[in-house]
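A, B, C and D label the chains in the order they appear, each numbered from 1.
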Amino acid sequence: MTLELCIDKQTLLVKIIGELDHHTAEEIRNAIDFELDNNSVRNILFDFSDLTFMDSSGIGVLMGRYKKVSKRNGQVGIYHINPQVRRIFEISGLLGILKEYKNKKQALENI
Amino acid sequence: MTLELCIDKQTLLVKIIGELDHHTAEEIRNAIDFELDNNSVRNILFDFSDLTFMDSSGIGVLMGRYKKVSKRNGQVGIYHINPQVRRIFEISGLLGILKEYKNKKQALENI
Amino acid sequence: MNFMNEMRIEFLSKSQNEAFARVVVAAFVAQLDPTIEEITDIKTAVSEAVTNAIIHGYEDNMGMVEIKCILIDNKIEIEVIDKGKGIVDIGLAREPLYTSKPELERSGMGFTIMESFMDRVEIISKINKGTTIKMYKELKSIS
Amino acid sequence: MNFMNEMRIEFLSKSQNEAFARVVVAAFVAQLDPTIEEITDIKTAVSEAVTNAIIHGYEDNMGMVEIKCILIDNKIEIEVIDKGKGIVDIGLAREPLYTSKPELERSGMGFTIMESFMDRVEIISKINKGTTIKMYKELKSIS
(Lines give C-alpha, C1' and ligand atoms only; values in the text may rest on other atoms or scores of the structure.)
Protein backbone atom coordinates (compact mmCIF):
# COMPACT_ATOMS: atom_id res chain seq x y z
CA MET A 1 0.00 0.00 0.00
CA THR A 2 1.27 3.44 -0.95
CA LEU A 3 -0.23 6.70 0.20
CA GLU A 4 -0.25 10.00 -1.66
CA LEU A 5 -1.15 13.04 0.41
CA CYS A 6 -1.44 16.65 -0.66
CA ILE A 7 -3.23 19.76 0.54
CA ASP A 8 -5.40 21.98 -1.66
CA LYS A 9 -6.53 25.07 0.28
CA GLN A 10 -8.52 23.68 3.24
CA THR A 11 -8.76 20.15 1.88
CA LEU A 12 -6.45 17.20 2.47
CA LEU A 13 -6.34 14.96 -0.60
CA VAL A 14 -5.67 11.29 0.17
CA LYS A 15 -5.00 8.75 -2.54
CA ILE A 16 -4.66 5.13 -1.39
CA ILE A 17 -2.82 2.93 -3.88
CA GLY A 18 -3.27 -0.75 -3.05
CA GLU A 19 -5.22 -2.46 -0.29
CA LEU A 20 -6.98 -1.03 2.77
CA ASP A 21 -7.26 -3.72 5.44
CA HIS A 22 -6.52 -3.93 9.17
CA HIS A 23 -2.78 -4.22 8.42
CA THR A 24 -2.55 -1.07 6.28
CA ALA A 25 -5.22 0.89 8.19
CA GLU A 26 -2.84 2.02 10.91
CA GLU A 27 -0.38 3.63 8.52
CA ILE A 28 -3.20 5.38 6.66
CA ARG A 29 -4.79 6.61 9.90
CA ASN A 30 -1.50 7.88 11.30
CA ALA A 31 -0.53 9.72 8.13
CA ILE A 32 -3.90 11.46 7.83
CA ASP A 33 -4.08 12.37 11.53
CA PHE A 34 -0.58 13.83 11.38
CA GLU A 35 -1.70 16.19 8.61
CA LEU A 36 -4.91 17.06 10.47
CA ASP A 37 -2.97 17.87 13.64
CA ASN A 38 -0.28 19.92 11.94
CA ASN A 39 -2.09 21.79 9.20
CA SER A 40 -5.16 23.98 9.06
CA VAL A 41 -7.16 21.59 6.91
CA ARG A 42 -10.90 21.23 7.34
CA ASN A 43 -11.94 18.62 4.81
CA ILE A 44 -10.60 15.27 3.66
CA LEU A 45 -11.08 14.07 0.10
CA PHE A 46 -10.37 10.41 -0.71
CA ASP A 47 -9.39 9.35 -4.22
CA PHE A 48 -10.30 5.64 -4.47
CA SER A 49 -9.26 5.12 -8.13
CA ASP A 50 -6.35 2.88 -7.21
CA LEU A 51 -7.79 1.16 -4.16
CA THR A 52 -7.63 -2.54 -5.08
CA PHE A 53 -9.29 -3.97 -1.96
CA MET A 54 -11.15 -2.77 1.12
CA ASP A 55 -12.82 -4.56 4.02
CA SER A 56 -14.57 -3.28 7.17
CA SER A 57 -11.29 -1.93 8.53
CA GLY A 58 -11.76 0.76 5.88
CA ILE A 59 -15.15 1.69 7.34
CA GLY A 60 -13.41 2.25 10.67
CA VAL A 61 -10.76 4.49 9.12
CA LEU A 62 -13.33 6.58 7.24
CA MET A 63 -15.72 6.87 10.22
CA GLY A 64 -12.84 7.86 12.50
CA ARG A 65 -11.69 10.60 10.13
CA TYR A 66 -15.29 11.75 9.67
CA LYS A 67 -15.65 12.24 13.42
CA LYS A 68 -12.41 14.23 13.55
CA VAL A 69 -13.22 16.67 10.75
CA SER A 70 -16.86 17.03 11.86
CA LYS A 71 -15.57 18.71 15.01
CA ARG A 72 -14.05 21.44 12.82
CA ASN A 73 -17.19 21.64 10.68
CA GLY A 74 -15.36 19.93 7.82
CA GLN A 75 -16.51 17.23 5.44
CA VAL A 76 -15.25 13.92 4.12
CA GLY A 77 -15.58 13.54 0.37
CA ILE A 78 -14.80 10.61 -1.87
CA TYR A 79 -14.64 9.82 -5.58
CA HIS A 80 -14.02 6.89 -7.96
CA ILE A 81 -15.48 4.13 -5.79
CA ASN A 82 -15.45 0.66 -7.39
CA PRO A 83 -18.49 -1.67 -7.13
CA GLN A 84 -17.05 -3.84 -4.32
CA VAL A 85 -16.27 -0.82 -2.15
CA ARG A 86 -19.67 0.71 -2.99
CA ARG A 87 -21.39 -2.41 -1.64
CA ILE A 88 -19.45 -2.13 1.61
CA PHE A 89 -20.41 1.55 1.82
CA GLU A 90 -24.06 0.69 1.22
CA ILE A 91 -24.15 -2.08 3.82
CA SER A 92 -22.53 0.14 6.43
CA GLY A 93 -24.53 3.28 5.67
CA LEU A 94 -21.35 5.24 5.00
CA LEU A 95 -22.75 6.73 1.79
CA GLY A 96 -25.21 8.73 3.89
CA ILE A 97 -22.36 10.40 5.78
CA LEU A 98 -19.66 10.91 3.16
CA LYS A 99 -20.13 13.18 0.17
CA GLU A 100 -19.62 11.32 -3.07
CA TYR A 101 -18.32 13.19 -6.11
CA LYS A 102 -17.84 12.21 -9.73
CA ASN A 103 -14.19 13.23 -9.93
CA LYS A 104 -11.47 15.37 -8.40
CA LYS A 105 -12.50 18.57 -10.16
CA GLN A 106 -16.15 18.36 -9.10
CA ALA A 107 -15.07 17.42 -5.58
CA LEU A 108 -12.65 20.32 -5.08
CA GLU A 109 -15.21 22.81 -6.42
CA ASN A 110 -18.01 21.64 -4.14
CA ILE A 111 -16.50 20.37 -0.88
CA MET B 1 -2.35 -22.97 -20.08
CA THR B 2 -3.40 -22.43 -23.68
CA LEU B 3 -1.82 -24.10 -26.67
CA GLU B 4 -1.53 -22.72 -30.19
CA LEU B 5 -0.62 -25.25 -32.87
CA CYS B 6 -0.10 -24.71 -36.56
CA ILE B 7 1.77 -26.40 -39.36
CA ASP B 8 4.15 -24.66 -41.74
CA LYS B 9 5.34 -27.06 -44.45
CA GLN B 10 7.08 -29.89 -42.57
CA THR B 11 7.22 -28.07 -39.25
CA LEU B 12 4.74 -28.13 -36.39
CA LEU B 13 4.70 -24.79 -34.60
CA VAL B 14 3.82 -24.98 -30.91
CA LYS B 15 3.18 -21.91 -28.80
CA ILE B 16 2.61 -22.53 -25.08
CA ILE B 17 0.81 -19.67 -23.36
CA GLY B 18 1.04 -20.02 -19.58
CA GLU B 19 2.76 -22.59 -17.41
CA LEU B 20 4.40 -25.89 -18.30
CA ASP B 21 4.40 -28.18 -15.27
CA HIS B 22 3.44 -31.80 -14.60
CA HIS B 23 -0.26 -30.83 -14.61
CA THR B 24 -0.23 -29.15 -18.03
CA ALA B 25 2.43 -31.45 -19.56
CA GLU B 26 -0.05 -34.17 -20.43
CA GLU B 27 -2.29 -31.92 -22.47
CA ILE B 28 0.71 -30.48 -24.32
CA ARG B 29 2.17 -33.92 -24.99
CA ASN B 30 -1.14 -35.33 -26.25
CA ALA B 31 -1.83 -32.39 -28.56
CA ILE B 32 1.64 -32.52 -30.12
CA ASP B 33 1.65 -36.30 -30.50
CA PHE B 34 -1.76 -36.19 -32.16
CA GLU B 35 -0.38 -33.84 -34.81
CA LEU B 36 2.77 -35.94 -35.24
CA ASP B 37 0.68 -39.07 -35.72
CA ASN B 38 -1.81 -37.55 -38.11
CA ASN B 39 0.24 -35.22 -40.26
CA SER B 40 3.40 -35.54 -42.25
CA VAL B 41 5.41 -33.16 -40.07
CA ARG B 42 9.08 -33.74 -39.45
CA ASN B 43 10.14 -30.91 -37.16
CA ILE B 44 8.73 -29.23 -34.08
CA LEU B 45 9.34 -25.58 -33.36
CA PHE B 46 8.52 -24.23 -29.90
CA ASP B 47 7.68 -20.57 -29.39
CA PHE B 48 8.42 -19.85 -25.71
CA SER B 49 7.58 -16.11 -25.77
CA ASP B 50 4.51 -16.55 -23.57
CA LEU B 51 5.70 -19.40 -21.38
CA THR B 52 5.42 -17.97 -17.87
CA PHE B 53 6.83 -20.93 -15.92
CA MET B 54 8.58 -24.22 -16.60
CA ASP B 55 9.99 -26.93 -14.33
CA SER B 56 11.62 -30.30 -15.06
CA SER B 57 8.33 -31.68 -16.39
CA GLY B 58 9.08 -29.46 -19.38
CA ILE B 59 12.41 -31.20 -19.92
CA GLY B 60 10.54 -34.49 -20.11
CA VAL B 61 8.07 -33.14 -22.67
CA LEU B 62 10.83 -31.70 -24.86
CA MET B 63 13.07 -34.78 -24.62
CA GLY B 64 10.13 -37.05 -25.43
CA ARG B 65 9.21 -35.03 -28.55
CA TYR B 66 12.89 -34.91 -29.53
CA LYS B 67 13.05 -38.70 -29.49
CA LYS B 68 9.93 -38.95 -31.60
CA VAL B 69 11.00 -36.58 -34.36
CA SER B 70 14.58 -37.89 -34.38
CA LYS B 71 13.20 -41.18 -35.66
CA ARG B 72 11.94 -39.31 -38.74
CA ASN B 73 15.18 -37.39 -39.04
CA GLY B 74 13.45 -34.25 -37.87
CA GLN B 75 14.62 -31.57 -35.46
CA VAL B 76 13.29 -29.73 -32.44
CA GLY B 77 13.79 -25.97 -32.55
CA ILE B 78 12.99 -23.31 -30.01
CA TYR B 79 13.01 -19.52 -29.76
CA HIS B 80 12.39 -16.74 -27.22
CA ILE B 81 13.61 -18.55 -24.13
CA ASN B 82 13.49 -16.51 -20.91
CA PRO B 83 16.38 -16.58 -18.42
CA GLN B 84 14.70 -19.00 -15.96
CA VAL B 85 13.94 -21.52 -18.69
CA ARG B 86 17.45 -21.06 -20.12
CA ARG B 87 18.94 -22.05 -16.76
CA ILE B 88 16.84 -25.22 -16.69
CA PHE B 89 17.96 -25.97 -20.25
CA GLU B 90 21.60 -25.44 -19.29
CA ILE B 91 21.42 -27.64 -16.19
CA SER B 92 19.75 -30.43 -18.12
CA GLY B 93 21.94 -30.23 -21.22
CA LEU B 94 18.89 -29.67 -23.43
CA LEU B 95 20.54 -26.77 -25.25
CA GLY B 96 22.97 -29.25 -26.82
CA ILE B 97 20.11 -31.22 -28.37
CA LEU B 98 17.58 -28.57 -29.36
CA LYS B 99 18.32 -25.94 -31.99
CA GLU B 100 17.91 -22.47 -30.63
CA TYR B 101 16.87 -19.65 -32.96
CA LYS B 102 16.53 -15.92 -32.52
CA ASN B 103 12.96 -15.68 -33.75
CA LYS B 104 10.26 -17.36 -35.81
CA LYS B 105 11.53 -16.11 -39.16
CA GLN B 106 15.09 -17.31 -38.59
CA ALA B 107 13.79 -20.62 -37.24
CA LEU B 108 11.48 -21.40 -40.18
CA GLU B 109 14.21 -20.54 -42.69
CA ASN B 110 16.82 -22.77 -41.07
CA ILE B 111 15.09 -25.73 -39.48
CA MET C 1 -19.96 -35.04 -7.61
CA ASN C 2 -17.60 -34.12 -10.40
CA PHE C 3 -15.01 -31.94 -8.79
CA MET C 4 -13.53 -32.05 -5.34
CA ASN C 5 -10.51 -30.37 -3.82
CA GLU C 6 -9.39 -29.53 -0.33
CA MET C 7 -6.73 -27.51 1.47
CA ARG C 8 -5.82 -26.35 4.92
CA ILE C 9 -3.47 -23.54 5.88
CA GLU C 10 -2.08 -22.27 9.17
CA PHE C 11 -0.18 -19.06 9.76
CA LEU C 12 0.91 -16.77 12.59
CA SER C 13 -1.61 -14.18 13.80
CA LYS C 14 0.36 -11.29 12.29
CA SER C 15 -1.49 -8.58 10.46
CA GLN C 16 0.65 -8.92 7.31
CA ASN C 17 -0.80 -12.41 6.90
CA GLU C 18 -4.26 -10.96 6.26
CA ALA C 19 -3.29 -10.17 2.66
CA PHE C 20 -1.56 -13.55 2.37
CA ALA C 21 -4.72 -15.36 3.51
CA ARG C 22 -6.77 -13.56 0.86
CA VAL C 23 -4.32 -14.52 -1.89
CA VAL C 24 -4.27 -18.19 -0.81
CA VAL C 25 -8.03 -18.59 -0.72
CA ALA C 26 -8.48 -16.67 -3.99
CA ALA C 27 -5.85 -18.85 -5.73
CA PHE C 28 -7.48 -22.05 -4.49
CA VAL C 29 -11.03 -21.02 -5.38
CA ALA C 30 -9.85 -19.82 -8.81
CA GLN C 31 -9.81 -23.48 -9.92
CA LEU C 32 -13.60 -23.27 -10.13
CA ASP C 33 -13.43 -20.35 -12.55
CA PRO C 34 -15.54 -17.92 -10.50
CA THR C 35 -16.32 -14.38 -11.68
CA ILE C 36 -14.12 -11.54 -10.45
CA GLU C 37 -17.04 -10.37 -8.31
CA GLU C 38 -17.37 -13.78 -6.68
CA ILE C 39 -13.63 -13.88 -5.95
CA THR C 40 -13.79 -10.41 -4.40
CA ASP C 41 -16.77 -11.41 -2.23
CA ILE C 42 -14.84 -14.42 -0.92
CA LYS C 43 -11.63 -12.43 -0.35
CA THR C 44 -13.57 -9.82 1.61
CA ALA C 45 -15.33 -12.39 3.82
CA VAL C 46 -12.03 -14.22 4.49
CA SER C 47 -10.35 -10.93 5.30
CA GLU C 48 -13.03 -10.14 7.90
CA ALA C 49 -12.81 -13.52 9.60
CA VAL C 50 -8.99 -13.61 9.61
CA THR C 51 -8.77 -10.04 10.93
CA ASN C 52 -11.20 -10.96 13.73
CA ALA C 53 -9.10 -14.01 14.66
CA ILE C 54 -6.01 -11.80 14.86
CA ILE C 55 -7.40 -8.79 16.73
CA HIS C 56 -10.26 -10.26 18.79
CA GLY C 57 -9.26 -13.92 19.10
CA TYR C 58 -5.58 -13.50 19.92
CA GLU C 59 -5.55 -9.79 20.88
CA ASP C 60 -1.91 -8.98 21.61
CA ASN C 61 -0.72 -12.59 21.78
CA MET C 62 0.72 -14.66 18.95
CA GLY C 63 -1.20 -17.73 17.88
CA MET C 64 -1.97 -19.74 14.77
CA VAL C 65 -4.89 -18.93 12.50
CA GLU C 66 -6.17 -21.83 10.42
CA ILE C 67 -8.20 -21.82 7.24
CA LYS C 68 -9.84 -24.91 5.75
CA CYS C 69 -11.28 -24.76 2.29
CA ILE C 70 -13.29 -27.45 0.56
CA LEU C 71 -14.54 -27.26 -3.02
CA ILE C 72 -17.28 -29.64 -4.19
CA ASP C 73 -18.66 -29.00 -7.65
CA ASN C 74 -19.64 -25.32 -7.54
CA LYS C 75 -19.86 -25.16 -3.74
CA ILE C 76 -17.26 -23.55 -1.52
CA GLU C 77 -16.92 -24.14 2.22
CA ILE C 78 -14.42 -22.04 4.17
CA GLU C 79 -13.58 -22.34 7.85
CA VAL C 80 -11.51 -19.76 9.71
CA ILE C 81 -10.35 -21.06 13.07
CA ASP C 82 -8.54 -19.52 16.02
CA LYS C 83 -7.71 -20.93 19.45
CA GLY C 84 -8.10 -17.54 21.09
CA LYS C 85 -10.38 -16.05 23.69
CA GLY C 86 -13.75 -16.90 22.16
CA ILE C 87 -16.95 -14.88 21.82
CA VAL C 88 -19.05 -14.20 24.94
CA ASP C 89 -22.35 -13.40 23.21
CA ILE C 90 -22.63 -14.62 19.63
CA GLY C 91 -26.02 -12.94 19.09
CA LEU C 92 -24.57 -9.59 20.09
CA ALA C 93 -21.40 -10.15 18.02
CA ARG C 94 -23.49 -10.69 14.88
CA GLU C 95 -25.34 -7.40 15.32
CA PRO C 96 -24.41 -4.70 12.82
CA LEU C 97 -22.28 -1.95 14.38
CA TYR C 98 -21.54 -3.92 17.56
CA THR C 99 -17.85 -4.00 18.36
CA SER C 100 -15.98 -4.74 21.57
CA LYS C 101 -13.04 -2.66 20.35
CA PRO C 102 -14.30 0.82 19.40
CA GLU C 103 -10.97 2.21 20.67
CA LEU C 104 -9.29 0.45 17.71
CA GLU C 105 -11.79 2.11 15.34
CA ARG C 106 -13.45 -1.22 14.54
CA SER C 107 -16.76 -0.63 12.83
CA GLY C 108 -18.65 -3.67 14.07
CA MET C 109 -19.57 -4.51 10.48
CA GLY C 110 -17.38 -7.61 10.04
CA PHE C 111 -20.05 -10.28 10.52
CA THR C 112 -22.61 -8.24 8.57
CA ILE C 113 -20.21 -8.14 5.61
CA MET C 114 -19.43 -11.87 5.84
CA GLU C 115 -23.16 -12.59 5.85
CA SER C 116 -23.93 -10.42 2.88
CA PHE C 117 -20.94 -11.58 0.78
CA MET C 118 -21.41 -15.30 1.48
CA ASP C 119 -24.58 -17.45 1.35
CA ARG C 120 -24.39 -18.56 4.96
CA VAL C 121 -22.18 -17.92 8.02
CA GLU C 122 -22.00 -20.12 11.12
CA ILE C 123 -20.21 -19.12 14.33
CA ILE C 124 -18.98 -21.74 16.78
CA SER C 125 -17.17 -20.36 19.81
CA LYS C 126 -16.12 -21.34 23.31
CA ILE C 127 -14.67 -18.97 25.89
CA ASN C 128 -10.89 -19.37 26.16
CA LYS C 129 -10.98 -22.22 23.62
CA GLY C 130 -11.43 -20.29 20.41
CA THR C 131 -13.72 -19.51 17.52
CA THR C 132 -14.59 -21.21 14.24
CA ILE C 133 -16.33 -19.28 11.47
CA LYS C 134 -17.86 -21.49 8.76
CA MET C 135 -18.85 -19.78 5.54
CA TYR C 136 -20.58 -21.23 2.51
CA LYS C 137 -21.00 -19.96 -1.03
CA GLU C 138 -22.35 -21.52 -4.17
CA LEU C 139 -20.92 -20.11 -7.37
CA LYS C 140 -23.79 -19.00 -9.58
CA SER C 141 -21.45 -18.57 -12.53
CA ILE C 142 -20.88 -22.31 -12.85
CA SER C 143 -23.99 -23.92 -11.37
CA MET D 1 16.28 -11.53 14.62
CA ASN D 2 14.11 -8.78 13.18
CA PHE D 3 11.55 -10.54 11.09
CA MET D 4 9.88 -13.87 11.61
CA ASN D 5 6.88 -15.44 10.00
CA GLU D 6 5.59 -18.95 9.59
CA MET D 7 2.94 -20.89 7.70
CA ARG D 8 1.90 -24.43 6.96
CA ILE D 9 -0.36 -25.67 4.19
CA GLU D 10 -1.86 -29.01 3.30
CA PHE D 11 -3.66 -29.96 0.09
CA LEU D 12 -4.78 -33.03 -1.85
CA SER D 13 -2.21 -34.71 -4.10
CA LYS D 14 -3.96 -33.52 -7.27
CA SER D 15 -1.87 -32.17 -10.09
CA GLN D 16 -3.86 -28.92 -10.32
CA ASN D 17 -2.56 -28.10 -6.83
CA GLU D 18 1.02 -27.81 -8.15
CA ALA D 19 0.28 -24.33 -9.50
CA PHE D 20 -1.60 -23.49 -6.28
CA ALA D 21 1.41 -24.52 -4.16
CA ARG D 22 3.69 -22.23 -6.19
CA VAL D 23 1.34 -19.27 -5.75
CA VAL D 24 1.06 -19.85 -1.99
CA VAL D 25 4.80 -20.04 -1.37
CA ALA D 26 5.50 -17.10 -3.69
CA ALA D 27 2.88 -14.96 -1.92
CA PHE D 28 4.30 -15.81 1.51
CA VAL D 29 7.93 -15.25 0.57
CA ALA D 30 6.99 -11.97 -1.16
CA GLN D 31 6.85 -10.36 2.32
CA LEU D 32 10.65 -10.38 2.30
CA ASP D 33 10.76 -8.38 -0.95
CA PRO D 34 12.86 -10.83 -2.97
CA THR D 35 13.88 -10.19 -6.59
CA ILE D 36 11.75 -11.71 -9.35
CA GLU D 37 14.59 -14.14 -10.05
CA GLU D 38 14.67 -15.29 -6.42
CA ILE D 39 10.89 -15.82 -6.44
CA THR D 40 11.15 -17.84 -9.65
CA ASP D 41 13.94 -19.99 -8.19
CA ILE D 42 11.81 -20.76 -5.15
CA LYS D 43 8.67 -21.45 -7.20
CA THR D 44 10.61 -23.85 -9.40
CA ALA D 45 12.12 -25.76 -6.47
CA VAL D 46 8.71 -25.99 -4.74
CA SER D 47 7.14 -27.18 -7.99
CA GLU D 48 9.71 -30.00 -8.26
CA ALA D 49 9.22 -31.18 -4.70
CA VAL D 50 5.41 -31.00 -4.82
CA THR D 51 5.28 -32.80 -8.18
CA ASN D 52 7.50 -35.55 -6.75
CA ALA D 53 5.21 -35.94 -3.73
CA ILE D 54 2.22 -36.31 -6.05
CA ILE D 55 3.65 -38.65 -8.70
CA HIS D 56 6.32 -40.59 -6.80
CA GLY D 57 5.12 -40.36 -3.20
CA TYR D 58 1.42 -41.04 -3.71
CA GLU D 59 1.52 -42.50 -7.23
CA ASP D 60 -2.12 -43.16 -8.15
CA ASN D 61 -3.48 -42.77 -4.63
CA MET D 62 -4.84 -39.61 -3.04
CA GLY D 63 -3.01 -38.23 -0.04
CA MET D 64 -2.17 -34.91 1.57
CA VAL D 65 0.91 -32.91 0.61
CA GLU D 66 2.17 -30.52 3.28
CA ILE D 67 4.36 -27.45 2.92
CA LYS D 68 5.92 -25.64 5.87
CA CYS D 69 7.56 -22.31 5.32
CA ILE D 70 9.54 -20.31 7.86
CA LEU D 71 10.99 -16.86 7.25
CA ILE D 72 13.69 -15.52 9.59
CA ASP D 73 15.28 -12.26 8.56
CA ASN D 74 16.41 -12.92 4.99
CA LYS D 75 16.43 -16.70 5.38
CA ILE D 76 13.78 -19.01 3.94
CA GLU D 77 13.22 -22.58 5.01
CA ILE D 78 10.73 -24.69 3.08
CA GLU D 79 9.67 -28.26 3.83
CA VAL D 80 7.61 -30.34 1.42
CA ILE D 81 6.22 -33.44 3.10
CA ASP D 82 4.31 -36.48 1.87
CA LYS D 83 3.23 -39.63 3.68
CA GLY D 84 3.69 -41.75 0.58
CA LYS D 85 5.90 -44.63 -0.39
CA GLY D 86 9.30 -43.18 0.44
CA ILE D 87 12.62 -43.27 -1.44
CA VAL D 88 14.57 -46.55 -1.56
CA ASP D 89 17.98 -45.12 -2.43
CA ILE D 90 18.41 -41.43 -1.69
CA GLY D 91 21.88 -41.29 -3.23
CA LEU D 92 20.56 -42.68 -6.50
CA ALA D 93 17.49 -40.41 -6.42
CA ARG D 94 19.73 -37.33 -6.19
CA GLU D 95 21.71 -38.32 -9.27
CA PRO D 96 21.04 -36.18 -12.34
CA LEU D 97 18.95 -38.01 -14.96
CA TYR D 98 17.96 -40.84 -12.62
CA THR D 99 14.23 -41.45 -12.64
CA SER D 100 12.14 -44.42 -11.57
CA LYS D 101 9.36 -43.36 -13.95
CA PRO D 102 10.84 -42.96 -17.45
CA GLU D 103 7.51 -44.24 -18.85
CA LEU D 104 5.93 -41.00 -17.59
CA GLU D 105 8.63 -39.00 -19.41
CA ARG D 106 10.15 -37.82 -16.15
CA SER D 107 13.59 -36.38 -16.77
CA GLY D 108 15.27 -37.27 -13.51
CA MET D 109 16.34 -33.62 -13.10
CA GLY D 110 14.04 -32.68 -10.23
CA PHE D 111 16.55 -32.90 -7.38
CA THR D 112 19.31 -31.38 -9.52
CA ILE D 113 17.08 -28.35 -10.18
CA MET D 114 16.11 -28.04 -6.49
CA GLU D 115 19.80 -28.12 -5.56
CA SER D 116 20.85 -25.53 -8.09
CA PHE D 117 17.94 -23.14 -7.40
CA MET D 118 18.17 -23.34 -3.59
CA ASP D 119 21.22 -23.04 -1.30
CA ARG D 120 20.78 -26.45 0.29
CA VAL D 121 18.44 -29.45 -0.04
CA GLU D 122 17.99 -32.21 2.55
CA ILE D 123 16.08 -35.42 1.90
CA ILE D 124 14.58 -37.42 4.76
CA SER D 125 12.68 -40.54 3.72
CA LYS D 126 11.36 -43.79 5.11
CA ILE D 127 9.90 -46.60 3.03
CA ASN D 128 6.10 -46.64 3.25
CA LYS D 129 6.18 -43.73 5.73
CA GLY D 130 6.92 -40.84 3.41
CA THR D 131 9.40 -38.22 2.36
CA THR D 132 10.37 -34.78 3.64
CA ILE D 133 12.35 -32.39 1.45
CA LYS D 134 13.93 -29.47 3.34
CA MET D 135 15.18 -26.58 1.27
CA TYR D 136 17.01 -23.46 2.38
CA LYS D 137 17.67 -20.18 0.66
CA GLU D 138 19.12 -16.90 1.84
CA LEU D 139 17.93 -13.88 -0.08
CA LYS D 140 20.97 -11.99 -1.31
CA SER D 141 18.81 -9.02 -2.28
CA ILE D 142 18.07 -8.13 1.34
CA SER D 143 21.00 -9.53 3.30
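Operating definition for what follows: a residue touches a chain if its C-beta (ideal position, glycine included) is under 8 Å from a C-beta of that chain, and two chains touch if they have at least 3 such contacts.
Computed from a predicted model, the values in this text were never measured in an experiment.
Looking at the partners of chain B and chain D together, they share no chain. Here the spacing of chain B and chain C, counted between their Cα centres, is 43 Å. For the pair chain A and chain C, the distance between C-alpha centroids works out to 26 Å. For this pair, chain C with chain D, the centres built from the Cα atoms lie 28 Å apart. Shared interface positions of chain B, defined as residues touching 2 or more other chains, are absent.
Counting partners per residue, chain D has 16 as the residues that reach two or more other chains. The chain pairs satisfying the stated touch condition come to A-C, B-D, C-D. Across the complex, chain D is touched by residues 19, 21-23, 25, 29, 53, 55-57, 59-61, 63-64, 83-84, 87-88, 91-92 of chain B.
By the touch criterion given at the top, residues 15-16, 18-19, 22, 37, 40-41, 43-44, 47-48, 51, 54-55, 96, 104-107, 109-110, 112-113, 116 of chain C touch chain A in their complex. Remark: chain C residues 5-12, 14, 16-17, 20, 23-24, 27-28, 31 touch chain D in the complex.
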